[in-house]
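We call the chains A, B, C and D, going by the order they appear; numbering starts again at 1 in every chain.
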């Protein structure tokens, strides 16, 4: 039997939930981030012998998040870059640091009172090595629905096909979109706003022939609007809404009454990218 | 040993998720409701002998939700009244019908495209007997936070007390508020908007000496603004935000960097009501 | 307009998750409890004026849980009694203390290694006033299914009924059962084991004519086996398993292939109790 | 600006929850599977033009799961192979089919009554192309804890380190383990049982110097016991249990009373594999 060896590995502190308040007179600001760190590098010894001399404890990683928050958070992408770069620059054993951040949005109710908006969660994934950093940003939990302008027909029929073709259906999905920047500098907030606006607008305006075609158009719209972005990955579950058969009750149902199903659901995943740009599998 | 008897019981179909589209030209409207029904009455036989001759199947209850949606939903309270009254009027064995509705909010993106807002979920509980109906409405998942104007001191100290008194803390909570109307007619939508606005405004403006004092003021504000409402029940978890000790890192922390904890949490529940009004325990 | 007054209220620390290890040589024991406390009493002032002089902070309640665990946990019911009695005896303003406990089961893998079993969670609710204590125990998350010996027919048919009668269906449910003891002393662990065994056995053996009839038989079986118990409340969702129509594929389906649905679901709730025993609404 | 192109994409039906009953006289058998399918291949047209002529609808995929269940499920790995091979062999446009299955365990209560055990969920991921199939199996939600024989010391200290070294701590984790077979034939059930037994045994017996060292030993034990397995990937969150400081209450705490924290948590991920075996990134 061949020998047994350690393969890829990483470790870190997940879900450090930090809230940073900035007190500029009466109108406070808050940033609400859930920060997860994963380090990869020269960590074979702790696996093989339990020698921890190259290990940065996950507790220290958590402390570092809080200590860095002391100087302010700024954009999540910049906070992620500061953290990720810290770990690869400070510790020889750390060859790659990935900082994944969920940011929750709050709307101001009054000078120092806020309401958490149900807006989807903003995402950032920063991956740093000593050779440089990559930045992925995105959004998850963006739930959208259109009541018409969605068709699905012309598909393969086999012995297990019962789905009728349709020229008009509800299309609903919960968008997770992550886009990779070509560099590690951008106006992160403006790009985020632009990307999300384009995602929503395209979903609303497109005449859809399949959820795949909608996904592609949404991704393309972000690339067209955001020159800093080189690639976008979208995950879009098809949240089925079935027309309820009301005929047993003597009623018609011209696409008015729907049953919103939980499971199963379609799951559509796709990537849209600029031609000729190098891929970067480690960034995601 | 005393005999064994059947006590209180009820049954029904829970979580029928119905989406109703109204097509007025290009600008469609949607209502998105999760409807739960519970019937109480003369149901001893199905328990004791398995004789189901007085039982309205839960499947029929589900069908009824969809069939009633054919005629339009309107305000969730009115839809609940129609359903609850149907069951007590149609079936002699049904003495009480309770219809509980969660309504999810959607904002228009375009003529027939919508985005689900993270706004908290709107609630309605309608309870009908042949003697009449009661209506409770409310909201859940309203997450609010204030960065100052919250104090907590002067409390009992015993041998297990370690909490320091504070004149300035973060106060954060996820409000569930349910209010009972004095009758079964009101401008439900306007009342809901008024109540929620007052809950938010009071949370934001009050100088809080305890979460209890905030709860009371919020409830009082709703009663003052909504003459149709006779009682309000609030549940407000105290979502603790702890000031992180940064001294080990040579840093001060003047209430700027917080750790948002999950568990344990305080849980504050209270009722505010109009004096002299009869209580109605079955309504909730 | 009538005056506005404070109604019922309570507060406490929820979900203090305590793990207690007992080290008797090599074979350690663990208790894993999630403890929630709610206090009611003379707390009007903190609501109305923010005067907290009668308030036991929820933080102190949490500390008390940990401090009491120092002396060992024992049965969850006894731990709950110690805690609940402490609060009503120690603090004049506390008129009623309710301690609700979830206990998670662990099976031993080795002397001091354990595996959390998926067994349903054990529940305890102890409610103490200065007049005495009541004890409710139970279980939640007990998921059971039977593949036959379940019928449902003879029910009311109306214009919204489409459900066919059946002489053979899958019956599946997730049982939550809570039973109230007549006093505050019992062999809690033995009673729990007996009750759960009887719940399972009855579910498995009964020829069911409705989920209600199963619920009643299960409750009755616990009362018959546990003389200390005076009342039991059961909540049993009907987790529907639908026979899939395979005819379009040229296949029969004699109750073999089922689709397990999530929502909507039936929800059956009922109480079984000893005749003539006083009710105790505050205990639950 | 460079052109915009479609990149990697896949789609399928997720979470078809199928329950299959086999009726061998009185002692029925059940299989309870949650099946997710993802197809990749020649699907550019549906993205780019909305031409669906190469698309197998996700609804058809769902139907196929139910139809295939008609012939019996058998081991989840074999069911996954049948399904995955069907899609790549039947449809020219499907170049790769991945079938991911969660299997839930039920224990017999009586001849045809069952209790869902809290045992962790069994996993299978089958990936087929026309060149062949790979099989990954595993387990998730295996929650284990040891009360001693866990140390953590000798780690890097920097300005953000506050964690004390420890020679005795609680170690708790929720194991997700997935192992890849070298071929597409094995005694799947026996391998699963052996692997899980070795995971538990190793966790219980090892004197741990870091969670990483435990992860490695657990993975190595599976490879040693299961010659069919060529690689195993483990994800093990460090579910922290903190010793509660009872000194303020005049009490000692010799590692007896712990607070079980939710977040943040350590997250340790690692791979153990046979030396010299080719990797297969698409299999996971």
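Here is the rule we use: a residue touches a chain if its C-beta (ideal position, glycine included) is under 8 Å from a C-beta of that chain, and two chains touch if they have at least 3 such contacts.
Remember, it's a predicted structure, so these values are computed and weren't measured experimentally.
Among the remaining chains, those touching chain C as well as chain D are A, B. As for how the two copies chain A and chain C face one another, over half of their interface residue numbers coincide. Rounded to a whole number, the gap between the C-alpha centres of chain B and chain C is 22 angstrom.
Rounded to whole angstrom units, the spacing between the C-alpha centres of chain B and chain D is 38. In terms of their C-alpha centroids, the spacing between chain A and chain B amounts to 31 Å. Listed for chain B are residues 16-17, 63, 67, 160, 162, 248-249, 262-263, each touching two or more other chains.
Taken together, the chain D residues at the contact with chain B in this complex read 159-160, 162, 248-250, 262-263. On chain D, the positions that touch chain A within their shared complex are 1-17, 36, 38, 43, 46-60, 62-64, 67, 90-91, 93, 151-156, 158, 160-163, 208-213, 215-216, 220, 223-224, 227, 231, 233, 237-238, 263-277. Against chain D, in their complex, chain C makes its touches with residues 16-23, 28, 30, 32, 63, 66-67, 69-70, 106, 109-110, 112-120, 142-149, 170, 200-201, 203-205, 241, 244, 246, 248-249, 251, 253, 255-262.
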